[in-house]
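Here's a structure for you.
Labels run A, B, C and D following the written order; every chain starts at residue 1.
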């Protein structure tokens, strides 16, 4: 995926983790390690809330998990149940007030809410609630959900019944954790657009955005939360409420293509396998004669391996990625700006020189980085650079949690593949076809949302909602 | 005032400041200097919010004004109107979520609220609102006020009309600043329990908890906000709504005795004069032969001067106060604990030795510190120590914003004056009488709340409210 | 003392503290509390070094004692002997490398050095050592002393014998603590220009710049280190070496006038008494009819009390000092700059209005602040302001540790008293005479350095040394 | 390379970078980017010193380049010449005083020194110097070198002549940068044990530990500094002094195996090529039937690709590395400790399950991590795990800058290959032979130090030196 090098703001993802401890685990510590495993889903802020006999204490800050928590902080977070959250990073307008979990007091005591996804009708709901006198202190969907939940709670007998009602009102993508005085509740939107899985360690149930977090804490994967399902854990057991759902789920295809860790398994499909297979199909769809297949680290590496295996062309490394780039660094002055990409990536000249190269990336959004990489490889002596993208062209913005740029910045929106190839300086350029995508294990096994490729939005999005996004 | 040395948690005060700029001042900068002047009213957290054409941006943190704001932060807070807040310091359970101003979104846009005081029916209102589905994210009265205001706003034509309604519902002590897209509003509770004054600098109106803040920013004092008054400043002018108020106001007497800066003038009475006069009356009520009159720094110094002037006994210094005590320091180990008071206060041995001393303080709450100081003076060679307190014994807890301890910790609650004298080791001890207090300039000029001395609460406080406090 | 308000850089002082523990005290903790008591001598940096069986561990940082040390840090500083240091604050060119104690390795193991004062021939010694191949990593005199000590140590049998030699080579003002594998050594320059006293707590010896630090840690004052004396504490006992000294000592008079805590006793004279007496003599020398005597807080308060007592004119307060000014604050913009002094000081209008005031300060250096204060009092309604200074005019720069400005900035250097009065706007102005100064308890009892008043430097200072300062 | 997971303290490496600017570059900024590229060589501390007309200003701190420097800091570091340093990370006893560059004052002005390597006779030299009265403030070799240089400088006409003398006295591995008032000097030990190269950007000469840093700042690679060579850059030109050197150089083989970035070229050999070739030779030496070749990320990846290419067995990924592990994290409690390796590495179950795997790593030191990884793969369903190490067994400690553990912790020191295989649970285990190593491009082209494998130390190391290490 090519991003603006100096502002990596592509995605609006989050990661969530929760545990109802029935053993002698330390829930805050386990959530800490779980969030560490989900850090790739958001580096802007992180937080952990624990329920200590009805009182919720929490700690949340801007920054990475490793920066925010230490032994002292974790030591203070004593309790039986915990939920945690990592939030995406944007440049600038991020608000510390938006760090999650959101902890509120409502009529039945305290509640903590953490969620991943994006409601398309959040602004409309907020307006309706404001018109009834409600106030909002953050710009998160979690606050909208908490506000609705507490209003429904006075009309229903339980928090889960309230949630059933709330899920009728909210539209969009969401995976949700709610911690109340006596329960830990997980829920997933009816289309199943964001991942959420259930794990178990001894007698304790765990929820996490990805299975990799279960692996990290040594929990066993039980199953995914189903689209439209509400799962309730309390002192006694784990129960499930299945709300009405459409025939077909619409898992976000980009979880497989880019977001999720390759070692995660989402809705039964291995992310690694999906990427490998995409590379293979790409090789079948768009073969080209070359000496070496290489990927843009790290997003293109797995698909590159797939392409190499299918094509029989040797797989190799061509670009070294600097692993020590901090979240902030000084703005290079004029003389250095041209070199800026070299800070992050540097070619293995000996591998590249004189070779015809197939360069694989997972996607092209703006095209800026791809252009710089192609130039770098050519400068390093590559004879030809054939770029192959393991997903179709991104032509439509996402309203469900992926922070794609406005349409005018999507290079594939107003350029043909040939024009893009010319812009980025590649000898040839091809994208995986939507049909090809459907032949991958994911495409075959489960429904998914491909709106960013084909504009076929799974939920109608009003003009206002589009504008807001 | 004697406090526990290792947890200076006596008071639950705050300071507020606001400006509607119609000149070329920098409202955030002026608020910063105003808060600096009000820092004595709260050292736990501070915050400034500015209204930039309807958008409110803000910065608030735990800590002192000098730690929280710098040129960069103030530089970001561009806007036409600003309000600021400093909050009291307690040990431990203070929540950063409680830092003010509170900034919320409601049906008409953004609103910022900052307040000083304590509502006695806040919990009852919160319960009622929660029962209607409301959620709360802090434990501040500001959030209660904002929630009520936004609910009334959908029923009334203006924010000030809404505030009139809200003031009918809330009970207790409050001085309040509300910043909405087009207005800056100040209000004071019907009993006028907390101070709030109006200043003007060129064409710009300013509100502040104390006149000292006006002096600091070079503003002219106009008048105090009246009890029960709502003052509205907008682009055009300054208007006032006078809500119904009781016949007599009930300014907190402790503002004069302890809280306010001596250079402030509150409701027409100079705090310095009030303390000086209290010392004089105390000298008339409880004379004693002695060689030197000295005050406990800093709270007893002015009354000591008054006592000296009236009695003709020389005024002098007997205790050196260390000005560099940070907000935190390491807990002294057993061997050092006895010495701990010496870190803060140290006697001038040459002044004290062989002398009969009249030691003035403004109040005795627990008695612990007084005991240590008397011992220190005797150890330094004082022949006699006659303690004189420039206010009556504190026998009743305060429910209106002063963080007095529970009754069982109030030494005057269950001990006679003689017993207290014995406990603290003073040769004699006397407190200013309530009648004496009424002869001071304040006593003479305006009604005030003396509930902590006589239990005569100006507002009925229910059992639950007492329990909560 | 008047200083530039926005850069309080008057003094170049330090404070030192050391303890050889023979009881069960925690030396690092005790040093921490001792430094707290000496914080007024330097707020730029602080450090503590402990000797743990020959290994010296230490912690030093820029900042105040309260900011640098916490329970964890103090907990790590385990050892039998400890020395600590606080360093003065200047604006900008302060180097963290200069924080003390300086810890070095030399031929006999580790050594820590902390000192207060200024060597006038440090640069000359450094040049000589550099010409022999030595290198320097800081700009402190402590490094010069350590370098000399280690070179002498290879020629002498003990560190104290080496120190005797070193003291023959260094010229200037110094009070010194040296911690070696087996000893704690204190020394004071032959003229006794900087204070250093010996205390005892149970069987443990303590050294401190001022007696106030002994009081704070509960130690008994034994005696001052004599001019030219080296005091050695080891496992067995306390021994003394008296090096040759001039007939008369030359204690810095400014320690009494300004630097030292008033509750300290230096070389047998109470600082408080000295200031009080200076005020009295000033009243005799320069009486004036007035209604009120007041001091500039805090430096002029004690002398003001003395003046009042002698003159019979009532003592009172006229200026409120804000105690919460942090070490940094934002630069006020143009509109606020005029008001800047109000941030620190604010008049008690009711005390000042219509009165003829005698305003006492300890000294005038540049005159800038005095001018602002006089104006403030006049603006507050003072009828007359008669300024009286409790020390003679500062006409000569100090080369022994007091960071006085260059001569051209010393207002008394090129202006008559009348001209200064006019500049600062006082109705009359008078300075204590040198003869008057000599009548104070200090003047009577011990020799002192008055070079800043009369240019009579106790040590010849070469042109280069003057230039360097 | 297997390391203790909770204390990654294997190496004692550093990275250095310097530039003599003759264009309009910003030397501090360029050094910042250069250090970024060398961050893998040390994460404990970093520093930059610039020479501004003879005055050296610098900034160095504990932490990563990205944490230490920002626009403000870099903006202050104005000067014509700059050198920078990154230092290795150990757990705990690291001293901030040891951060480099070391800046000192000597007889000719200021000097800054930065170095990479380890002197085996540093302690002996220090003792000799201490016996002459010298003092030391750090435990770095840079201080030893600076002390020697300044002593020689008083006997020789130039700093480079002094360095010639110093290089006769110091024994060990070092690559060195020295910045004096008028020169930038680079030197490499006579055996060329540590890398150092020369680059040029327009007219400005640059020195860097690795060519990757030249690439990053857009400089052209000129050549390596030769073993025993001193290179002097001043205003006029670049000159070289070649000191006497042994016939064969002894570049540290571990730079190729582990330390250096694979995109660097050292002494004419590509690090990437060397690793790839090692993998190929390993495949020829120790073939085994299997389904998949995979590397331990990141150290074994390139050799794994080489093994795969040579063997014809498919290359694949088996382990996901978490890229977000901070430098510190909370110690996992008992229940989590077993899972700790999962925080860093997680298997791709779908790739591993049922397969016979060849697992490549670059080295085995303690064996702890290898054991955990093998277990993880077996738990993930691997049928067989054949471990192949792309370097010979590490049997001897390094005294030249590689922080290998004491011999008793080197698993290969007292175990046969079979015993190690059993310990770590691998079905088979083989190490590249020393002969095989010599067949790689490096082995073929240049002499290198293989002491850690064969105990054949290029410099005699005395017992004391061994003990010290």
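Everything below uses one rule, namely that contacts are C-beta pairs under 8 Å (C-beta built on N, C-alpha and C of every residue); 3 or more make two chains touch, one makes a residue touch a chain.
Computed from a prediction, not measured in an experiment: that's the story for all the values here.
*Asks:* Taking contact as defined at the start, I'd like the list of chains shared as neighbours by chain A and chain B.
*Replies:* Joint contacts: the list comes back empty.
*Asks:* In terms of CA centroid distance, which chain is the most far removed from chain A?
*Replies:* C
*Asks:* Could you please state the distance in Å, as a whole number, between where the Cα atoms of chain B are centred and where those of chain D are centred?
*Replies:* A distance of 60 Å separates the two centres.
*Asks:* Just how far, in Å, is the C-alpha centre of chain C from the one of chain B?
*Replies:* 36
*Asks:* If you average the CA atoms of chain C and of chain D, how far apart do the two points sit, in angstrom?
*Replies:* 49
*Asks:* Of all residues in chain A, which are in touch with two or more distinct other chains?
*Replies:* none
*Asks:* If you connect every pair of chains that touch, what shape comes out? Choose line, ring, star, complete or other.
*Replies:* ring
*Asks:* Chain D touches which residues of chain C in the complex?
*Replies:* 102-107, 111, 126-127, 130-137, 146-147, 150-154
*Asks:* In the complex of these two chains, what residues of chain D are touching chain A?
*Replies:* Listed in rising order, the residues are 24-26, 29-30, 32-33, 36-37, 39-40, 43, 64-67, 69-71, 74, 212, 215-218, 261-263, 265, 270, 272-273, 298, 301-302, 305, 309, 314-317, 320, 322-333, 335-336, 338-339, 342-343, 346-351.
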